[in-house]
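Going in written order, the chains are labelled A, B, C, D, E and F, and every chain counts its residues from 1.
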């Protein structure tokens, strides 16, 4: 018999597989669910606008904050003259649209998706990642690593970025999973960009007009 | 005796029929309800304004997000010089006005209606569709396909677009319904536009001023 | 002894009568209440402003959406050069101010009031109407027709516009009421305007600058 | 012993008296309370700003709507060239600040206060009034007339404006009160302005630029 | 053992004393609390901005309205050419930051603080005050006078402004307190400014461009 | 077995240590938790924008107010010509992203982080601090000092700023902690800046255009 879930959206009948490729702005992430680890996709896109940010996909408060942290970090690091954010809107979506999602562990996935969008350069769809991102660009530990890695393997992922502070959790992960996956511990957003887009961020500095200085 | 439903609006006494034709901006969708599948109409329209989006019809949070995804996707794909969205407001309505509606499965119907509006080209009112839309333009599976197809047939629909990922559900659908309907599985928004408006979207690319490039 | 109703506003002691005439912008509607049908007045007005819309009268969510649909429909049909909406605010009010009201069936009354306001042409106060309005301009069925028509007769109404899809309900209406009232079934907003203001809307078309075209 | 009321504000120890005079923008109103009728003061004021409206005094939703109706009605009737509302903010306050107030019956008092403010002309503080105001400018019936008139007399009021539709309630009012007060039934906002400010509003007409006409 | 209060902020271990001096914009007020009267500080400050008002200190709805009344009254009385409010933001704060506060009785303290800020002239920190302020500038009665005066004496206050309408409450105040404090009854905001800043407000008049007049 | 905490974020398995260095804009704070004192990091950053402030990290109402107080105080003291706040957005974040935080005691830490950001000068990561900040720049007492100091020592902190009004609480602190830490009591924000950035704020004065003066 039919129930509410079928009104709101389709039940996933089998585990999601990664796609052959992701366009620029779309990155494969990892989610912990009560029935195991799963891949998910962070989708970002820009359109003509005035600097607004839209977030959809039934994201909870913490995950929406993660998206804002990722976007702020990107904006603060990009050279100012190459930043058309004020004439574009950014839309961030995470399918499936009817499934509530929350938590901070998509931080580096959100950042990678936005960086891929800004550079208009795709990231290999077989790379997945999980890690909380702080505003200074550090990658902080997450939960459910064992389940996430198993889900990544089952979905066809070949390389996973994890927080360096989660390395101790790898001892709980089975041989089969460790053999199937290349595990890359990352400490900072610089590590993430190097592994996903093959680029190096300039060192942090405020990009303000050099003629403007604070004096207190 | 009278009850609250009659205060708030008319009870549908018989199942809705499709109209002979839909104007540009209006597209026939399919809904699952506790008493079976039904057609519904996504109505869109533009008016002089400043880029605002109005959504009416007692749409729930997930369905409002679907509308935003559809609109963002359209804006990101349209050539920038032909986009008067900033001087027009968009209004999206789904009758009947007093009936609450929710869920992500009207995604491709919302997109089709907005594309029809933007091109000022009607879509055949005998085509119905159902499918969740992601921000990258993929069509994701929905629930209640059997009931929706039966409702489509009863309403006079002759052609239905469904997510390719729902093809396995067709084995639950009766011969009578399959004979009455032309079923078109679709994988992407490009498939949807080809089947509804007979057009082909250009490949995804950011429509920014070519003199602006990101360098990280 | 006094109770809360008397703090919040006056109790209607007898049934409301229509006024001898309504100014431009004010139209007589029909409401279903637990104690029978009643006339009500949709009052609209414009003032110097910047395009804002104010809605008062303790209208519920569905009725506020009806007001937005009516206003959008009017804006989309008016020739663009004759539209000072951006320099005027619109205020829509429905007395009595302390009585909560809801439902979609005032759709065509709201539209008529706004059209009367825009044209600065009054509508005969002895014409009442009831019908849900869709964004494409169709008139949809409403509930409580029998009670509304009885209330209209008692209030001094002589002509009532009803949705064509409600014609079957007329067989429940008494001879006395049918003799007293001229009943006009309407299918579209064009029918409504012809019966109330004696005018014909141009066919729907987007009023955008002809030099701007969408190409996909 | 002390209780919450004394934390939030002072308890009125005796009934409020009218003041010798009200400045322009301040008008004496009448309230029904569970312990009898009382006078209250509607205070309005303008200041440099950008057209915003501030409402304070713990007014409920219905009373805030009354304030908006009064302000809209005033704006729609004032000659457009003499309207500096866009460069001024309007503040409406009703003491005492900690006492919640609600209901539509201060409509004509709010209108009188705003008209007094706009003309910078005081209204006699010994005139009080009660009546709901509609957007077309009609004065509608209110409750608690007997108590309000008794409270007016006790406070030193000499003249009270009441809705003409409340005249039947005067038979419940004692001789003592009727002797002490001059009772003026009013039907419209024009009656109110004549009795309070000694002026006559021009007939309703939209004050738009004469070169702009609607054509449908 | 630790409890929630210590997470949220420090418990006051002893009664607050007044400081030797208050900078311009900071004024000493009086609060009633379940454990007696206390002094508090209204802190105001301006910064480069665009006319926004920030209010912090966990102020309740009524106290926030008091702040708006005080600010509106000041804006309406200041000569228009000397009002840089549109290029500055105003911040109003009341320590301690974790203690909820409410009620209208800080009205004249808020006004004094803002006037001190606008004139950049400090008010003697040994002057405290309590009184509700109306929008016309009248000082209305408050509760808890006995406790507030005792708390003022204990904190080192030497002069207290109270509403003239609270003079009858002084008979409940002990000889010791009355001997220690100079009590100044005030009727209007003019009285307050004279006692705190030694200045006289010009009579109320709207400060609009003299070439703009209302005609009705 | 897995629980909700692991969905929302990683459980801290061991106590946080300070990092070798903090970049400009990041300052080490101290938090009281039910299981003892801990260090936390206030992260601030600026990016191209229009003067908006973003706050993330699941901060409660009181802590968000603390952030606004800190930012207002900084804005009011900075020389006006050196203030690019209107062309930059400020983002304030406090990891871990899924842990709710509240209270006023991070006031001086928030101020130090913003001052460090504005001057683009790092603060030694081995300095921690706790203290409520008022809008006039005073440092007010906080709770949980004993636990916070113990947590600071354990995390590798060598110098801690505490409110002078908390000095009496030091007698509850163990010898071991007092030996490990240099404790600096501070009274004002000037003390804080001297100890963290080695600078002296100019005396408070409003930074308005000298040609603009208030006259009342």
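The working rule: a contact is a pair of C-beta atoms (placed from the backbone, for glycine too) under 8 Å apart; a residue touches a chain by one contact, two chains touch by 3 or more.
Since the structure is predicted, the reported quantities are computational estimates derived from the model, not experimental observations.
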* Asked: Which neighbours do chain C and chain E have in common?
  -> D
* Looking at CA centres, what chain is most distant from chain C? -> F
* **Angle, in degrees to the nearest 5, of the Cα rotation that carries chain A onto chain D** => 180
* Asked: If you average the CA atoms of chain B and of chain C, how many Å lie between those two points?
  -> 29
* Asked: If you average the Cα atoms of chain B and of chain D to get two centres, how far apart are those centres in Å?
  -> 50
* Structure fact -> The distance between the C-alpha centres of chain B and chain E, rounded to whole Å, is 57
* Asked: Can you list the residues of chain A that touch 2 or more other chains?
  -> 83
* Structure fact -> chain F contacts chain A in the complex at 2, 5-11, 13, 22-26, 41, 43-50, 54, 56-58, 77-79, 82-84, 88-89, 91, 93, 95-98, 115, 117-120, 193, 197, 199, 201-202
* Structure fact -> In the complex, the residues of chain C that touch chain B are 32, 34, 51, 61-62, 65-66, 68-69, 72-73, 75-76, 80, 83, 85-86, 102-105, 107, 132, 134-136, 138, 140-144, 147, 163, 165-166, 204-209, 212-216
